[in-house]
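Labels run A, B and C following the written order; every chain starts at residue 1.
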Amino acid sequence: MDMIAKNVQALEKLTVHTHNQDFLLTWEKSRDEIEALLLTAEIFSEMHRQKKPFRLFDSGLAISIFRDNSTRTRFSFAAAVNALGLGLSELDEVKSQIAHGETVRETANMISFLAEAIGIRDDMYLGEGNRYMREVSAALEEGFEAGVLHQRPAVINLQCDIDHPTQTAADLLHIRNHFGSLEALRGKKIAMSWAYSPSYGKPLSVPQGIIGLLTRFGMEVTLAHPPGYDLIPEVLEIARRNSAASGGSFRRTESMAEAVAGADIVYPKSWAPYRVMEERTSLLKRGDREGLKALEKECLANNARFKNWECDAAKMKGTKGGSALYMHCLPADISGVSCERGEVAREVFEKYRLETYREAGFKPFVIAAMIAMARIPDLPTHLARLNA
Amino acid sequence: MDMIAKNVQALEKLTVHTHNQDFLLTWEKSRDEIEALLLTAEIFSEMHRQKKPFRLFDSGLAISIFRDNSTRTRFSFAAAVNALGLGLSELDEVKSQIAHGETVRETANMISFLAEAIGIRDDMYLGEGNRYMREVSAALEEGFEAGVLHQRPAVINLQCDIDHPTQTAADLLHIRNHFGSLEALRGKKIAMSWAYSPSYGKPLSVPQGIIGLLTRFGMEVTLAHPPGYDLIPEVLEIARRNSAASGGSFRRTESMAEAVAGADIVYPKSWAPYRVMEERTSLLKRGDREGLKALEKECLANNARFKNWECDAAKMKGTKGGSALYMHCLPADISGVSCERGEVAREVFEKYRLETYREAGFKPFVIAAMIAMARIPDLPTHLARLNA
Amino acid sequence: MDMIAKNVQALEKLTVHTHNQDFLLTWEKSRDEIEALLLTAEIFSEMHRQKKPFRLFDSGLAISIFRDNSTRTRFSFAAAVNALGLGLSELDEVKSQIAHGETVRETANMISFLAEAIGIRDDMYLGEGNRYMREVSAALEEGFEAGVLHQRPAVINLQCDIDHPTQTAADLLHIRNHFGSLEALRGKKIAMSWAYSPSYGKPLSVPQGIIGLLTRFGMEVTLAHPPGYDLIPEVLEIARRNSAASGGSFRRTESMAEAVAGADIVYPKSWAPYRVMEERTSLLKRGDREGLKALEKECLANNARFKNWECDAAKMKGTKGGSALYMHCLPADISGVSCERGEVAREVFEKYRLETYREAGFKPFVIAAMIAMARIPDLPTHLARLNA
């Protein structure tokens, strides 16, 4: 039996309640639903490889709202919705009237009369991004209930201030394939580590998303960062609970070397302390340019104290067998390539470069899977039929 | 017999000459053609509700040219053309070379080799928008006649300085459904009233489009505005002639309260006096920033004299049974929501909010109907086949 | 036998190795491949005229990267990929993170997971545009070989610093149709002549592309320009070699009148001297605004010495029978229309205006043919099937 047939069979055994639901945080989804997401994404990927179309819609729009720059996620979303048969419309808030005081509620309905999915990226403002997604979602729910909308579009989180589920699901698929199965992840050590970057204000969504998701699979998850570079407390609590429930572990350290020692996987990635992001959010809201400049200067100075938080060959040597899997959500700050000193040494990155491309390559299929699971009732039957 | 079948049957009895024609002004279309537009839009809406595709094209482009910001119309157009099977390309005059002296004639042909429809929004310059659409149209006609274009794309007016047919057709469908039939509109009173807004320079196309269209159905149409807030004289004349021909009435008043008294429908909406729009057009053409600032200041001061032109609960009480249908093309200036004082009181808007969403919800289907009627010969037969 | 069937039959006899290949320079393609391109483009055009769809893809993205403004090419690309069944995504480098130091290599893979074609326009920097295309191409090749990409997207040159193959292939199709056959072009005289323009910095790709392509068909090609307005030497060498091989001729002159005398075809078009483009490139790279201003001033002053290099009625009189075919890639600088003095006199342009539109009209079909030939194995069989 080929992989597609096996996955469809596995899908049929899972308990999944994703129809008419958004995808906002991985920890709002059951373990079965996460597994179904991986299986579906993998089916789509394999179908694409085999040049089998998986158009599940005759027509309909998918709308993207990017409140931060994006190349990868933008194209992943575009590719995903095209493959499903949807047309893409981007809500560009410069072009549109959103900036001129329209309520979110109204706009959400106005753009959605024939929409099947709305992908949103809003990761700049702590306390705002995920909340904005929920506002859109509530407006769509109201419109659908009132018959304003003929269908309930799914809101897909393309990165918010809390989580980055399309990225972390792709990451999970990547390591599942690397180690052979979800079961094989049990006991594997991953170091989710802060790393030095010459820029500032990078979102927290990836490290938070990683510790929130991978703790569900019995992994030994270590979060490492310099003093002060904290993530938001709620997500730490979720990671703790997840690891307790899954039989894994979750610990924190202030040493990168300690975190990566013996690790099966290293994920070195810069971020800003959550308290800085809070302050930045309130400065941005007030439009306080002087304050923002001062904050940036202070933060960069602080970052600079931790230039040795670089994933270099020496640190990689300390990992399990000296050959841990290096991961990154891209683009990485590569020392001597994209910056003088950065998150990762050139030689380390180059060794794993194509691996990080492969990791990213799951993203369009993950997004397609999220949309299909939210919009197509009885999806496994459709997938079975398409592959009959 | 279900609604779709009934509509198709009704369509077949109408005399329609819309093939290869543009849709620029409602009053250039016959009464049968307007009815056919409503029936077709309703068929599309119902098919969408029933999840029946109405792709009438295998491929082809629909092009939008927005010379003013737009969220709603942009997405309505995107949704409509996607549902018909067309690809959307937006002509962004910042990205393109249009600003660098290309003639409209040439560009119209260059973008249209595989185009089926061109939607244009150009409502900023009095005397210009509709004229621009006709220039594009003439160029397409020439290109088609000369064999440069294999097909004659339809120009669809997505709002100009004179009319806003996609909006008013959606409005008409909304009130037809509210009152049960087009016949039932006979004798119904509608107050198309100016309302206070803290902004300036709002186009005249909605009030002009409303009085130009609704006077054709035997309605009693009252246009209300403060002294000086005149619409362009030609459209007033059209409204007068239409009402005479249809057995309705058209009158003007300078009192909002008087207009809404006993009304079945109220449509309170701000606009700028046409003489101001003329002056603004010539200032914009000359790039006279100081002049524009002075004009804005003067106009806002003048607006401020009419802050009581707000659709509030007291005025609604004076309508027929205290429960007239409130309409708006959105976004409304809602007092205490989007501005301190605006066109409509918060409580009035909130009561009718979902109704205004529903009103807007017809727009994608109206646009799809306009394109289909212009491009698909023998459309009723196609619709019958799709629903067999 | 109809034209489509004849073309398909002719196609089947040609030796074509374009599968999984880019289209970057016409002189990298064999004579058979150029002929196949024309035949395929003509089949698509005729199918479109007959309203026969030529969707050769179920789904997939085509990506455009425009590093210079464009209306015509943008819409030609959009139309072509839509007709083939692909979805269009534009990589807007302002919106995206490319400007922030990402490597071309990485981005090329990140945007291409489900891409079938990447169209690039990069004509501003001498020595850069074509090189950039090859960097993208090498990255895609690497990604495909490593299994990162399931398919190898074709890079299509939508205009670079060296060549403009989509334009010149459309030009060739136009003159082939005008004179009846490729064979009939043998011995025909074409004057590719510089012409005066009040602007500066126009790319060299059209004149270079024309002399590089038309010298392959036994034509007598004359390149005319004022002293100093040289093209890049490598392309002159290619033109010389091509004409020697094809039995035509290639000569240069510094007199427009001499070039057009007795010509069957005139192609008057402004460009900047290649040495100016080199200097401009280095000033642009250094961000030297003062230097750029000084260069522009100097160049415009130099241009102004050659205002008589205008394609006017008197010069047209000197052509073969006084009725040479006038060609232009559009938009032309038309004296008294788009500028005071320009490349072509108003009356000359007006006489050939619709002809230039027709010339441009081949472009979408040429682009579609380039993509289809690169991506669809055994294309003639597919075309035969679609037209059975």
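The criterion applied here is as follows: a contact is a pair of C-beta atoms (placed from the backbone, for glycine too) under 8 Å apart; a residue touches a chain by one contact, two chains touch by 3 or more.
Being a predicted model, the structure only gives us computed values, none of them experimental.
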- Task: Determine whether chain A and chain B, two copies of the same sequence, contact each other through the same residue numbers or different ones, counting it as same when over half of the numbers at the interface appear on both sides.
- Result: different
- Note on the structure: Here chain A maps onto chain C under a C-alpha rotation whose angle in degrees, rounded to the nearest 5, is 120
- Round to the nearest whole Å and give the separation of the Cα centres of chain A and chain B. 41
- Do you know which chain B residues sit against two or more other chains? 87
- Task: Using the touch definition up top, name the residues of chain A that touch chain C in the complex.
- Result: 48-49, 53, 55, 66, 69-72, 74-76, 78-80, 82-83, 85, 87-88, 330-331, 337-339, 353-354, 357-358, 360-361, 363-364
- Message: Applying the document's contact rule, which stretches of chain A touch chain B when the two form their complex?
- Response: 58-61, 63, 87, 89, 91, 95-98, 100-103, 106-107, 109-111, 113-115, 142-143, 146-150
